[in-house]
């Protein structure tokens, strides 16, 4: 067990805004392929890696995440020996430049300093990937790095990952620089905002950041430390998604409609845990036609669904056609509606509008609770 | 079971400040007689009354309360059938005049409207008392009131209860007015900020308050409704404490050093639940002298303790003398120290200072984490 | 321990031999049903939803899976301070050796000390193998209103079938005046559902006497109820009218599953005000491939469908390969149907694999085929 | 179910007859200790703290209290998705009837199916009646490093007492070369603590063989270990040096309680990095009245002291009236000592009331007095 490290799960920097969805909940609380929340992935990675002391930093609108995470029992974290702590920040005006992760850490410094572990693993709540942190920690300790930084090599850095940081590496995988992705080239190493270091260095960097500027984020202070610290890159392989825009969110979901990709990501030996709701199975009525889709429980399907993700308790009426779309829980699509390339938020009722189609790459977005 | 009502536990109005203690946590998270938190009392009252859907409104610095309440399992609330929801407000600048309970309700209106119960019982998180809410609800329904308001008759309204509201009643127990206690007379009926009404009326009043003024609290709108609604007072008897100042906090604790009062309040048929920590029993060393005190687990006592409350994991050194004081958890009072009439917050180390005494009625207060 | 108003005891000892190979390794109450549930989820969820917080589960046969399944009372929210699900198997005592439960009443008698520890006013006796939703709290209210010593839940059965059941004959006010086990000429169509509420003090006395009676079968229906009627105790019938199914045979288990395809099905598992709780794992949604063709189906999360599914119930983690066909069938958790295989009018047991191009079941068979072992494929 | 590295089985079947009336209604592992704990809290907390997530508790005698106590695995944090505490009593199977556990090894043999369900690489066998703290994960690391088939925890006992124990004779590298049960002339002072780690595959084979052996007592010490030594298997001794106490008699149970008054006591229940978890109720702090005089004491929450307490351990909810005296004694949960009563060198059982002015126990008695029934007062 990785009792040598505790985990920190961080919320997204204040400059990241996901159109629509983000108005109602933090990115960590976004529904992912209809069934999970984005934060389930970093939490499960930590739990599966044997980390049982975890700090989750919550920013604005914490209700849905607090409810979802609860006591953390469903993440398989021993409630006596382990502890999943939810930490808040007072400075939570979503757009304030002072609303940084450094501010959040400073406000909870007493909690950080009291952790008995020697190492910390920091991971973001707005990315989806699979990573054995125990292995990452072992490599970090063996290599003797000051900081190990997880990155992913992508070839779509022009269109996507626009709010992420890009890592420049030297031949020894030493991090030369960390800068915002400006979309200047296709091939980039994207920082996964995931770090391993000693607890002491972590706290020292937080304090240093605070001294230098009240608006610094942790990534900023890492960027400034490239010259003075031994920061090493560690390449992540496999499925990776950064939920930093509606486009990214949509694409990240759609990629998992590929059976091979999904089967490689969801493996029995590395379960992803989530809060379950005892929803009954899904009922496919006569006349339903469903292909290449992920369908959650307690849906009732009377119409056609293609290349889509259907959330829990969703109703698809007779003759309705859903294509290339994501329908979140409790939404009700009435008979004969045509929806293509859209993200329908929770509790939406599509009653009178008969067609929702986005012509651009960016999907159409329908607001939570809307009646159309 | 009182499935007919859901519960709402509210945080203290923004004009209430408890010196010292309040800098570190909301009143609901204050330690009470060393073992409980203030919020345990309203939560246990609800749970014992069979209410299993509860909203707890959290204001500033929610961490300690979120951790303490967790999933609510220890409050005996069925985790599947019941639900203890923690609700937050964005507008949480502690001193902002907009930081009212109405603002909090408005921000979570969707959650309120979704509750399936017909009635609501609203209780504050900053008062300590015992009340069967099922009985209150039954009486409310039978009498056909619009609102039932719980009050307590006190005879120290000049010195205490200064931030509370006073209720004027007519012969039929109809509420004539609800006004801030100005300390004008000894005998007053103090409002316990506890109401029963229909869910529909509750929501209507919230919306009305919001329309009338952005700074209104729920008590304000109740006060304004005395003429138009049938608001009936219901007298509470037994132990009652409003934790609205350091004096009130101190007195509320000390009153329970009276064995008769304590035994009447803590009864097997109405348990108060709390988050437990598996602390071992307390060790009384040779030379320890303890009288008329409440002592929590995992303390080590080598000195003298009189008329005091000793928290968990507190150490009282050899020859130290503690009189009429409250020592909160993890504090360490070294050999030979003399403490009288003081409230020592958590994690304090009294090492060099040899005497802490308050000469006035108001106890001395020593800040959390201080080393003296 | 705090006093409990009503405690429930679920009789879950049944070997369920009419379910054949399905109960080789699990007790009958642990058999899967409805895409994601186990039979015992129904009485346990009913308890949780009715506010019955302490539940004893009486079992003696192959209890490991059932035991570890129900011991995690959290599944039904029954894991707070004053609630719990307790598995009660026969045990050695200071004054008696280890002995099997000799009958339904004896199972309770052997656990009088357990019941006493909670000091309940009433005791609810349930069976572990029925599919239904029932508010036991309402039944308790009726029991109290009637001032009954025992209340027995009954349901109306077609008169011509009544001679297959234990029939309660009542007076005009719901009081039972006679009980006939499988009467040749039934006088009423009210069949006992095997659900009883007793005032505990009364039952306790009867059980102590029954234990000493060498001629007793120690059974509620055969011994306790007749004695009570004989003694002039007040027994009342509580009429239940909703979905109810005894899933004691392969055919009835299959049927109960198929009932879920009916959109007017009274059981309504989708009703969030009376959920049936179960083990709910955090697996992926159901994956429906481009090659899939689903006609009518009831499918649970974790399933992957590449083939054709017609009028079938598909449980957690089942895989139906492209080109495979599942018709009028029930696939229990983890069942796999490989390419080209055809499953018709069958109940495929947990984790069973139907190999490539294999054909199991007959469209016109009278009985439902139970497939409890892997079926080899053909190339 | 997910594969588990090491699964633990706690042998908790003991009647504990040397504890007399204390075990009339509870199995020995459920006996109270240390102001708030039960004996079985120690192995269970050790498991939780060592990261052993699946624990079987084997019991057959009067298991209702023990059963409902351990079934709530949440007390030890063992109630997450992949963890759990399971009570395993003898049960009927498809191919065998209900039978008692015939020995320590048979208890495991009868539950091979349970162990197999978790498919562990190693199995840890524990006893339910010892007071100690031990990191089983370190013992497992040692077992792996040694490449052992079995590792047995041992502790050094005074050489002159060694002939009362099962003694392990080892070579220089910790390998056990001989095992002697109560040797007249002990060759070493390393006594077995009854704590074993086996590589499951190896043990499983031996258990299957042992079950068929009509001459076996089905006991680890008498049968399994000697067979392994005979077969040339690698058995290693893992030395433990810390507080350890077998609380099998009233005197040793009293002593173990009294040890807690020693400020250098190695058990150190106050160590928050290795907590012993137990049922922790939300009762009031201990109330020490104006009339109280406490000399040395170890007192738990919920107790109310109005009289004199000297060198004693006072459990949850005990009440000592003004004018009463408790000297060199242990008062178990809920014990009440009324005005003027004097309790000396005694162990007062749960909920026992010592009446007004009654005197129990002797200052100079050789043995500790067990007071298991109410003592009438005198006016």
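Note that the chains take the letters A, B, C and D in the order they are written out, and that residue 1 is the start of every chain.
Quick note on the criterion: contacts are C-beta pairs under 8 Å (C-beta built on N, C-alpha and C of every residue); 3 or more make two chains touch, one makes a residue touch a chain.
Since we're looking at a predicted model, the values are computed, not measured.
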Revision key, fill the gap. Two candidates, A-D and B-D; the one with more touching C-beta pairs is B-D
Point to revise | Chain of greatest Cα-centre distance to chain C | key: B
Check your understanding: So how far apart, in whole Å, are chain A and chain D when each is placed at the average of its C-alpha atoms?
Key -> 46
Check your understanding: Centre to centre, by mean C-alpha position, how many angstrom separate chain A and chain C?
Key -> 41
**Study point:** Cα-centroid distance, chain A relative to chain B, in whole angstrom
**Key:** 38
Check your understanding: So which bits of chain C are touching at least two other chains?
Key -> 74, 79, 275, 277
Study note, to complete from the structure: Multi-chain contacts in chain B, i.e. residues touching at least two other chains, fall at 73-74, 80, 271, 273, 278
Study note, to complete from the structure: The chain D residues in contact with chain B across the complex are 34-36, 74, 260-261, 263, 269-270, 275-278, 280-292, 294-301, 304, 309, 313-314
**Study point:** Of chain B, residues touching chain C in the complex
**Key:** 1, 50, 73-82, 116, 268, 271, 273
Review point. Taking the complex as given, what residues does chain A use to touch chain C?
Key: 33-36, 40, 73-74, 259, 262, 266, 271-274, 276-286, 288-298, 300, 305, 309-310, 313
Review point. Okay, in this complex, where on chain C does chain D touch?
Key: 24-25, 59-65, 67-68, 71-74, 79, 84-94, 97-100, 111, 113-114, 117
**Study point:** List of chain D residues in touch with chain A within their complex
**Key:** 2, 48-49, 51, 53, 74-83, 137, 273, 275, 277
